[in-house]
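Listed below are the structures to be examined.
Consider the two complexes below, in which subunit A is the common component and subunit B and subunit C are the respective partners.
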Partner chain A sequence: MSGDVVLEIAGLHAGYGAVPVLHGIDICVREGEIVCLVGSNGAGKTTLLRAISRIIPARGTLRFNNKGLLPLTPEAAFDKGLVQVPEGRQLFGGMTVEENLFMGAYRRRDKAVAQSFERVYALFPILKERRRQLAGNMSGGEQQMCAMARALMANPRLLLIDEMSLGLAPVIVDQLLVILREIRALGVTVLLVEQDVFAAFDVADRAYVMETGRIVREGLVAELADDHAVREAYLGTEG
Partner chain B sequence: MMGRWPLVLAVLVAIVLAGVPWFGNDVAVQFGINALLLATLAQSWNILGGFTGYVSFGNSVFYGLGTYGTAVAMTHFNLPFGVGLVVGAVVAMLCAALVGIPILRLRGPYFAIATLGLNGAMAAIVSNLPIAGSNIGLVLPLMRGDAIFYELALALLVVCTLTVLWISSSRYGMALVAIREDEDAAGSMGVNATLYKVTALVLSALFTAIAGGIHAYWSTFVDPASAFDTTLNVRMVIMCVFGGPGTVFGPVVGSFILSAVYEVLASEISTAAVLFFGLVIVLAVVFTPKGLTDLMAGARRSGWRYLFRNIRENRL
Partner chain C sequence: MVLAQILLNGILLGGLYGLMALGMALVWGVLNIVNLAHGALIMLGGYVVYYIFVFTGLDPFAAIAVAMVIMFGVGFLLQYGLLNLIVRSALLNTLLITFGLDVVITYLAQFLFTADFRTINPSYAGANFSAFGLTVPGIRFAAFVVAIALAAALWWLLNRRPLGLAIRATSQNLVAARLYGVDPRILYAVTFGIGTALAGAAGGLYGMIANLTPYIGASLTAKSFVIAIIGGLTNPFNVILGGIVVGIAESLATLYFGATYSDVVSFGLLVLVLVVRPTRTLRAA
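This part shows the complex of A and B:
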């Protein structure tokens, strides 16, 4: 489980206008890993994802496959294989599931788009059944699946998932966690940002804990789950 | 998405319409020119408004630039009509690009308000340009032959509709619809939203300006008040939305029907025509808020109940 470093973040600072949010973040994601980033509301998780996707300016070290990301536009970062599943899904509600998936492959110029459709339909059989249905008319879980499938259509090397479990029933979250492992088995590295620490620790190899713009804990999930402070703050169970 | 029969029907209708100058009378031809030009305006508006959802009130500016471009080229430089049309179209497209790049960053009502200001600004500028006849206007050389203008207007509508047909089945059009559905998500899928919106506005300006140029030569007179007229833009919006925004034939059908309704009302009850025209539009918004094309699909699915379901769903 220790492949090449895919994403390397060191001393990253970012914020909105004059308001700093991230105060020197260090994170490293290796090939084939599922890494989770947990923390409460306002810790800066989504800001970090926006900085990685090049939507907001940042300074420090930000490298993807050993190439600097900071000078790139969001489109160029996307073309390099850095694809985000946004918080709240952001599906094209008035378009069919199939059209949503097609939009994921919009920037691709290769001929293998049909194979990608096969691949995501194999991962999410329900989407194949619903491919002619409007994405906005589906349940929350199906919409989350559609958002993940759409991101996979872009052939990502690193999938950034923001709040996958938000507003979903526990049974649906469990299904998504199983699918996340299958996605990793396909050779896609995953950085999962979650408030649901139980779900995140269930699927991830390593975890980073974030508080007010800083990484306060990091390590293997098994170690962190035994950490007293983490247990108290995030798992709600003493000793 | 679309079956074969609407296309076949559209070709048949176009052929019949092309024959109107041979077997119709003068009144029918003159009504036809107006109706065809209005349908072109509604269809052009559809390119940006229908597909990306950006409600523009600046299209009447492109119309005005088309009329003035043609008029100035023909009266001051003695250029032929065809060259005048090109001049008007190029000026309007440049204006669309220059104005679009800054204001297409605004969304929703903010974009609409920004475009609304353009008409007044442009009318004021043109009123003070001696080359454009200041606030008196320009008189174009007279050409008799309504049949030629009719066929020109029809050809323009056909080309404009073919363009929309291509858009609706292309990658380009899918990106425009994605922008309408969720612009941020479209951006995160790597769609350069600004580029797509600006090109849609420029394409819209092209057809709008040519329609303006044809109308200018046909009516032989242009003046600032009628060239940069916001009510004309409102009619484009109403006709497009009445027919079905974001569809291929909706705006054309919508504007034909509304033009005919208005013509009948104007000849039957003259003074109160505008009042009844308003009533038709209110009823249309209440019963078929998504346009005639949605009415046809909805009626096939659930019959007359479709009309009342709209009232319930839209909480009217």
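This part shows the complex of A and C:
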């Protein structure tokens, strides 16, 4: 399970303008893992993802496959296989499902895009049925699937998923968790950012708990689920 | 029969109007810039075609193809070097800077080309043919065909090519487009270049039908604006259709009220559309 370190973050500081949000984050993600990052609203989870994707400036250590990410533009980081499924799906609402998926492969110059379409449609059969529909007209769950499928079209090495379960019915979230395991089985490493701790702990190997820009707990999901502080704060089932 | 002839003239003229508005609608829709220099770029394209025709003797329709390449370069550089500075800023900034650009291009044209009237006048300029008892002016018919062909080409680019997908994606969701590796600065420059190339083609056709002077820009901008609002910003064929609506309206106005009223009619049409279907037009804008 624990392969080479894919993503290494140490002492990472980042923020917006003069407002610091992250105060020295340490996280590592290994090949083939599903790692989740949980924390309440405003903890800085999305900011961390933006820093990893190189959308906002940051300082500290940020390495992907042993190469420094900090000097890279968002496009260059994307080309290295660091692909994000943004919060709120951010689909191209006026374009069809198929066109959205094609945009995931926009930077790819290889000939295997057709195979990627097959792979993605096998994971999400509903998207194959809906491929001519406008992405903006689908249900929230289908849109989340489309957003994840679009990311897979980019051939990611590390998939960053921001608030996968936000606004979705529990039964849909369960489906997505099953698909997430299948995605991992395809050899894609996943960093999942979630407010829904139940969902995140259900699928992840390890977890980090974030509060006000700091990592306050980390460990195997099984251990953290028994941690008193975590249970009290996030699972609401103390005792 | 007179009415049918007037309608035909309006449709043929409307195709050219639609082509004029095509570039403006594209730039407006994708970059959110209401380009007040659009008419000046049409004028510039007209002069480029005129001088290629005069100095090389190249057929004007071939010269239009060359001019489109040149105008693409002009548009690309304008966007990359200048307009990218204001692309996501307030509407007023884009209006100010493109208005300034309009003034600069107009007076640069007056300086370089003089204020004399110019017409692109190939040997077949006066040719026409008859169909269904109507007289079809050859050049206007050809201009109409070119306009439809360019609208079809734009549609094909936007809906069937990766570049076009990226253009639409960026206009719909800039954040996501950036996340998936689109460099907006280059993409905006290419989009503005395409819009300018289309303006150049419209200018060349305009110069075969009417007189070129450095001062035609402002009224062409206004007409393009009206048509872009009527036709919407997303589908090239709707823009051409908007142009045809305006073309027919102007022709009928000329017949019944006199030529001086043609501008009144096109802007009256704009008011009418905004009153009758404001939601659709607002969504487009």
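To be clear about the criterion, the second predicted complex is superposed on the first by the 239 of 239 C-alpha atoms of A that agree within 3 Å, B and C clash if a C-alpha of one lies under 4 Å from a C-alpha of the other, contacts with A are read in each partner's own complex, and residues count from 1 in each chain.
To be clear about the criterion, a contact is a pair of C-beta atoms (placed from the backbone, for glycine too) under 8 Å apart; a residue touches a chain by one contact, two chains touch by 3 or more.
Every value quoted in this text rests on a predicted model; they were computed, and no experiment measured them.
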item: Simultaneous placement of subunit C and subunit B on subunit A, clash or fit; value: clash
item: First (subunit B), second (subunit C), both or neither touched by A:Gly219; value: neither
item: Which superposed partner A:Phe102 touches (first subunit B, second subunit C, both, neither); value: both
item: Which superposed partner A:Gly60 touches (first subunit B, second subunit C, both, neither); value: neither
item: Subunit B versus subunit C as contact partner of A:Leu91, first or second or both or neither; value: both
item: Overlapping contact positions on subunit A, where the subunit C interface meets the subunit B interface; value: 53, 74-75, 78-79, 84, 86, 90-95, 99, 102-104, 106-107, 150, 154
item: Residues of subunit A touching subunit B in the complex; value: 53, 74-75, 78-79, 84, 86, 90-95, 99, 102-104, 106-107, 150, 154
item: Complex contacts: residues of subunit C adjacent to subunit A; value: 162, 165-166, 168-169, 172-173, 175-183, 234
item: Residue ranges of subunit B in contact with subunit A within the complex; value: 171, 174-175, 177-178, 180-182, 184-192
item: Footprint of subunit C on subunit A - complex, ascending; value: 53, 55, 74-75, 78-79, 83-84, 86, 90-95, 99, 102-104, 106-107, 150, 154
